[in-house]
Amino acid sequence: MDETPFGDDTLHEECGVFGIYGRTDAAALVTLGLHALQHRGQEAAGIVAYDGTQFHVERHPGLIGDTFTKQSVLERLPGDSAIGHTRYATTGGGGLRNVQPFFAELAAGGFAVAHNGNITNAMTVQRELQRRGSIFSSTSDTETILHLIATSGARLFKDKLIDALSRLEGAFSLVGLSAKKLVGVRDPLGIRPLVLGDLEGSPILTSETCALDIIGADYVRDIEPGEMVIVTADGIESLFPFQKRKSRFCIFEYVYFARPDSNVEGRNVYTIRKNIGAELARESHVEADLVVPVPDSGVPAAIGYAQQSNMPFELGIIRNHYVGRTFIQPSDAIRHMGVKLKHNANRAMIEGKRIVLVDDSIVRGTTSQKIVQMMRDAGAAEVHMRIASPPTTGACFYGVDTPETGKLLASRMSIQQMAEFIKVDSLAFISIDGLYRACDEDARDKHQPQYCDACFTGDYPTALTDLDSFENVRQLSLLGGFG
Amino acid sequence: MDETPFGDDTLHEECGVFGIYGRTDAAALVTLGLHALQHRGQEAAGIVAYDGTQFHVERHPGLIGDTFTKQSVLERLPGDSAIGHTRYATTGGGGLRNVQPFFAELAAGGFAVAHNGNITNAMTVQRELQRRGSIFSSTSDTETILHLIATSGARLFKDKLIDALSRLEGAFSLVGLSAKKLVGVRDPLGIRPLVLGDLEGSPILTSETCALDIIGADYVRDIEPGEMVIVTADGIESLFPFQKRKSRFCIFEYVYFARPDSNVEGRNVYTIRKNIGAELARESHVEADLVVPVPDSGVPAAIGYAQQSNMPFELGIIRNHYVGRTFIQPSDAIRHMGVKLKHNANRAMIEGKRIVLVDDSIVRGTTSQKIVQMMRDAGAAEVHMRIASPPTTGACFYGVDTPETGKLLASRMSIQQMAEFIKVDSLAFISIDGLYRACDEDARDKHQPQYCDACFTGDYPTALTDLDSFENVRQLSLLGGFG
Amino acid sequence: MDETPFGDDTLHEECGVFGIYGRTDAAALVTLGLHALQHRGQEAAGIVAYDGTQFHVERHPGLIGDTFTKQSVLERLPGDSAIGHTRYATTGGGGLRNVQPFFAELAAGGFAVAHNGNITNAMTVQRELQRRGSIFSSTSDTETILHLIATSGARLFKDKLIDALSRLEGAFSLVGLSAKKLVGVRDPLGIRPLVLGDLEGSPILTSETCALDIIGADYVRDIEPGEMVIVTADGIESLFPFQKRKSRFCIFEYVYFARPDSNVEGRNVYTIRKNIGAELARESHVEADLVVPVPDSGVPAAIGYAQQSNMPFELGIIRNHYVGRTFIQPSDAIRHMGVKLKHNANRAMIEGKRIVLVDDSIVRGTTSQKIVQMMRDAGAAEVHMRIASPPTTGACFYGVDTPETGKLLASRMSIQQMAEFIKVDSLAFISIDGLYRACDEDARDKHQPQYCDACFTGDYPTALTDLDSFENVRQLSLLGGFG
Amino acid sequence: MDETPFGDDTLHEECGVFGIYGRTDAAALVTLGLHALQHRGQEAAGIVAYDGTQFHVERHPGLIGDTFTKQSVLERLPGDSAIGHTRYATTGGGGLRNVQPFFAELAAGGFAVAHNGNITNAMTVQRELQRRGSIFSSTSDTETILHLIATSGARLFKDKLIDALSRLEGAFSLVGLSAKKLVGVRDPLGIRPLVLGDLEGSPILTSETCALDIIGADYVRDIEPGEMVIVTADGIESLFPFQKRKSRFCIFEYVYFARPDSNVEGRNVYTIRKNIGAELARESHVEADLVVPVPDSGVPAAIGYAQQSNMPFELGIIRNHYVGRTFIQPSDAIRHMGVKLKHNANRAMIEGKRIVLVDDSIVRGTTSQKIVQMMRDAGAAEVHMRIASPPTTGACFYGVDTPETGKLLASRMSIQQMAEFIKVDSLAFISIDGLYRACDEDARDKHQPQYCDACFTGDYPTALTDLDSFENVRQLSLLGGFG
């Protein structure tokens, strides 16, 4: 099979969040918002709703449209305020125990929390908490946040929350729900996105603007790095409780994670991807007959490339969008046939042509290899690959599921070696400065980079305490294999 | 419908436990043991197994034979030691979050625990723990035990466990599993049963001897009230860490809960039930043509009654053992027909006869009413009801699901009124002393009763702290309605 | 495992039928009736309802209480007339295609049919029909009946039906439903039961009276062998369209298949079983301490034996009624332990005692072997086995699932050899004349036996055309393995 | 909701077929082929495999990737030859009974058949067959074919098949499987596609070349209209048993149904769609800022339009490909919000721009209305709609699910009225001759049209016997509502 449904040769954003305050059918609106954020996590989702008296929690594996859209599920989530979360697993192992939001009945009342990102000192903090007698029912870093709130010495709930979050390193764009408050917080560097929206007076906090669009809500503004907003019946309060730092938004959100119709940090994602394609065309032009995107993520950059280079843009690869939940482990005989479950060459376009293939990134390289082979089999005269990001050389510790560094093709090969490995006539990546230019910067500021680009540069903007303290960070998730 | 599958007119034991140490296929053996204990709880079950490296947890709603017997489930439970639990809900609301065993990764390592009984100060302790910053992921009293262990100041694990259990009031027959130990504890009064068995050298701790029989294990002895046994690779250690008290085993285990083929506290249950029937015949003889049990629980007492009174024992009521999982809410038209899903009169036996109907107890009285009516419809000349327990006048707080006191028929009617309510020609219950005689005692010792008989006498042998402290003890289970 | 849920060491009745005419909620009443007939078939069930305009068909694998009791299923079965069928597979392989009732839109209108029994020339007729161009969508003999109706040259529907049924050999107690009629027919020998009932004016046709009792319907009379009844809005018409023959009701219905609270052919089943026990006691008395039934089927005969012999009746074996749907294929290690899923010795009763074990029949002998061993392990001093039927030496071809003749223990061993095989101190079967006496006959009439007793005597009352014509009759069911 | 998962405002192709002969893992290969044909039917699928001894049938509702890809399902389909079918319902109601392939054990042996298309005299033939005594277990026209074979007077199987097919009117591209043969037939007009492929010597018959590509099979040739091919171990035989007629391939296959990477009737679908876009630009040019496709079906025509008119092609609408199985019936409050489950405007591209929107067709017009409103809400200055097919004015009776004629927008409005209805600044459809030009014809031959274009012209190339004979053709599917 060329790719499993959740193929292991792409990067996966871990999460999307959505919260709404003071609106009938809150859980149904969260469901729709999470559906629009499905690209940020397809493995499982959860919603917590508060009905004025009780909190209701539902968590289900699978796609939103298969689970939370059932009447029976929504009926178990009454209330005017709700938060939800959709998830691709990074921190924590399998099982519904690790599906967010997390909820606890604290001494001061119930509180639910969900976040997008990853806490890089979660294990360290967890060990401390265990030593003082705290019990963990999951291996998720989100539960750690609840414990820190529960054990905070502060008196007011707001201060407990600030106290707890101040203990954290890493990336977190968080939504929380208590009986009276909807809370939103971005970490001081603002690595992951979080926006404020409004549906006829009801405030919304969510990861991307496309989740506002689906229900016709208005975009108000982005929550700022280090900002905490507290929504109550009295309005929206804004605080900046953390030490001020220069922001470092994840540049890969522009390259791949965010949906093209979203605006993030004030910029349209589709436009930036077209800019990247145009920069690529300027940086590494090649004579060819047509520009072919690797669908769907390569399409905007390919359009930009084609427009800049005045070459025709053509669908030389057709993607089959019907992908089932459980794809077979075929017999050896079939596996070696090189079955093409997801992509097929549009041979009539490819045959005898020199093509520029545009893709968003190269991870392990195995998919690129297959796609190039498919073009060769379809009779391409030349295949030139252009990548809409710099070489991915490092793992992400801020909420993206990357293979170990050693498995990243760019971490162990030069561009020339990679070109040979994937068997293309030429291979070029956009330069790091080209990428920054596509984002309307003059160039990358080496001393104070404007974005988090650690996966390209190795320049991690936070401490990585757990990584330095534990032999195998990933094993945490294996200890409590709850069913 | 005369009775739903889990009818609301019987008492339900909450739990059965089973643990085994040092035997290949431990989880499969626990599964078989729990199958034999299915009468102690049909709603859900859980097993935790330890494979030398990791703990594995599975929890499933439904019958053992529908869930844990699947190969796929057992394969996820490798290991040589395991504990399991089968459950009918009393403490805690629905949802798998409340299914035992509970497991936590404590600072000192993983620990799993399951118990039969009910902690009567669990909410009080939980509130204290919440105030110090502990987070609860369930509403089960079992999680409270884990928290008390986690927050104990003692150094050794054994002492932490003693420390934790010393804080508890109520009834608990507990099994626990750590990486190196299988632990069994009975509360100081020994209200619920717990026996030690042996399968070719592998120690077993379980609720009833029938769970030993199913796998051909030998019965070694009953764990004593207040005893803690610790099974390790080095053998079995026995401790008595609590203040010594006179035991108060639940006498209703003999009347109804335990399986007739089990021996509990050294006595055969079937034999005691026959004794009860014989005592009843002596205490309240009546001239009749035959003795008819309400199946299945009334059978042994009816045999005893028939043998003592020299009347023929006949199956005048046939029980349909095929009861589905989800029985319809029929239309009003059908509901009023008095459909007999579970029991049917064997008219050929009943017609024109004077019958003695023997049942184990009367709870709300609605089932008795229907059964008597069924006998009348089948042409019974006279119906005399004999009950194998004294009138049930009080709720149980030690692990049995009883209706509120006000709904117990005997709490608001005299025996004569009850006879009229259920429309029998005569009604008699065994006397409390008769019941003690059937258990080989001379009589009930009023000053130091030999058994817990609180549901008949109101004489509760422990403090009921939660009941005295909270307005509505049952509401705890409703707060965190986790899915 | 001592027995799988549908163990292979018992005989299985294939079917129960239930039809009702002119009553709101017809399908719900059929569901309840089939629930009472669940002992006649647990594998699958089907209901066809007619709502005045359309026929609705539902077929589901599994128990009635798990499928047809769902509101969603019943809502798909509106109408005032309905027939249903519950099934254990004999003719035809797996798959819902073979689940009755069968329905076809004939030229004259829709017709649904279900029957209890087995057509012994179904394959022969099917081959003929295929040669003339008929297509079979199942391997069930019931579909053959529909084809014979469809291809009959008769003009009136009633005559087509008579025409079709006249072609059949074997046993059939049939219910049929057209837009205007509910039809019931018993084959000329009346091998399987069929009774007429009445629910406040609505006629009912069903296999046993217990299916009338569950909904409080009145028993009217047994349909006679060779009788056809046609229920319409105008009343009930009775015909005898077949050549008159002396009836041969299946005597095994009394021994094992029918429910003890049913009256069949005018006699109470429980009473006959007690008679059998009493005859057994007279025929093969033995000195012992107690009489122990193999539950549940051996109970009435054991009561009869105990009363006749003045020995105490005791539950020496306890049956676990919780049997799951999917029981494990355990590891070899566990399989060799002799796990007791279904039965357990009540050791306190057995130890040191001489016991008379009463069971209904011996099929392969493997279950008897295990039960006896269980008694020995529990310390029985002597085990005397008494069987409530003569030795089963021949297969049934009239709707009972029997192993091949060669696998029947009695077909290849003398009683003495069987006693040694199952390791009892003595073994006795009731004599064939004793069995007839228990049924209120003086003795078996050798020339014109009053019952079908072919499984004991080899005296088959009908031709067995398929058996004589095809090499392997059972293979029919394997050809069209529909899913 | 703007569109349900199987929205009612698109046309649906009914079927795709795939058969392979003489290759290990035949069913797995059929599964992959059907996955590539999923766009031709998403409701259910079936596969019949022959293992040299028996036929095996599996039918499942839902997507291939959710059902047939399970190991357990494939294991039940052993064999070296298999045929499969994927289906969107047109003829016949719900229920697995109508899922193809159909299989029957005929007098001459087993035969399975599946087809793409629709038989326009199926009901008429069915009534005739019922009168002679044939029984139908489904309401599918495919079963009619089996009956015609079964009742044919011809001697050889091949002649029976020809005899049967000669009785049919309408469109059918059929695959059949007997113990020794794989058969493929196209109706004399060749309305639906069927191609011959080859996988390392194993012949394949399937609807589109994309189903060959997925498993790396070679395309050999299109089966010709009126051709029957018979694949046996001895090779491939070709026959033309029907009266020769001029072909009339469905032109809508080019416009919408076929996958763009398929070649049908020797032409590349993507290229023809681009041609259509270019013709549209020539026929109805308009000054604008960008060309925006309605994804995904409008993309190739939009690329053609943009290239021809030298306007930029931009993704102004983003499609969410995650659509669940069961989407909610939301509350009224939410429904009126105009939720956008499937499409979202890419506002940054649209705002202030004059756009040309390109879509494949207009059915009811409701989707167009919503898409245009979405563009307006996103700030489009002007919206000009261009449609890649002529106005759809008539229903299809050849295997496409069209609404009743009266519900087709173009059947009751002029183009100007339609423009007002969907609120565009201008609206143009490609002319019928323009469409033929895009297919490399000079123009439509009015006397002998080269294609079936009945949905645009009302010129139906076959008799419509059922339509003329029955009051409500659609009711057939309602009669036998099998479960």
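For reference, chains read A, B, C and D in written order, and residue numbers begin at 1 within each chain.
Heads up, the rule we're going with is that a residue touches a chain if its C-beta (ideal position, glycine included) is under 8 Å from a C-beta of that chain, and two chains touch if they have at least 3 such contacts.
In UniProt terms the chains read A, B, C, D = Amidophosphoribosyltransferase.
Here the structure is a predicted model, which means the values were calculated and not measured.
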If every step must land on a chain the current one touches, say how few steps get you from chain B to chain D. 2
Pick the pair with more C-beta contacts: C-D or B-C? B-C
Measuring from the mean C-alpha position of chain B to the mean C-alpha position of chain C, what distance in angstrom results? 37
What whole-Å value do you get for the distance between chain C and chain D if each is reduced to the mean of its CA atoms? 49
Scan chain A for residues touching two or more other chains and write them down. none
So which chains actually touch one another? I want all the pairs, not just one. A-B, A-D, B-C, C-D
Which residues of chain C touch chain D in the complex? 54-59, 76, 103-107, 110, 127, 130-137, 143, 146-147, 150-152, 478-483
Where on chain B does chain C make contact in their complex? 5, 24-25, 28-29, 31-32, 35-36, 38-39, 42, 63-67, 69-71, 74, 210, 213-216, 259-261, 263, 268, 270-271, 296, 299-300, 303, 307, 312-315, 318, 320-331, 333-334, 337-341, 344-349
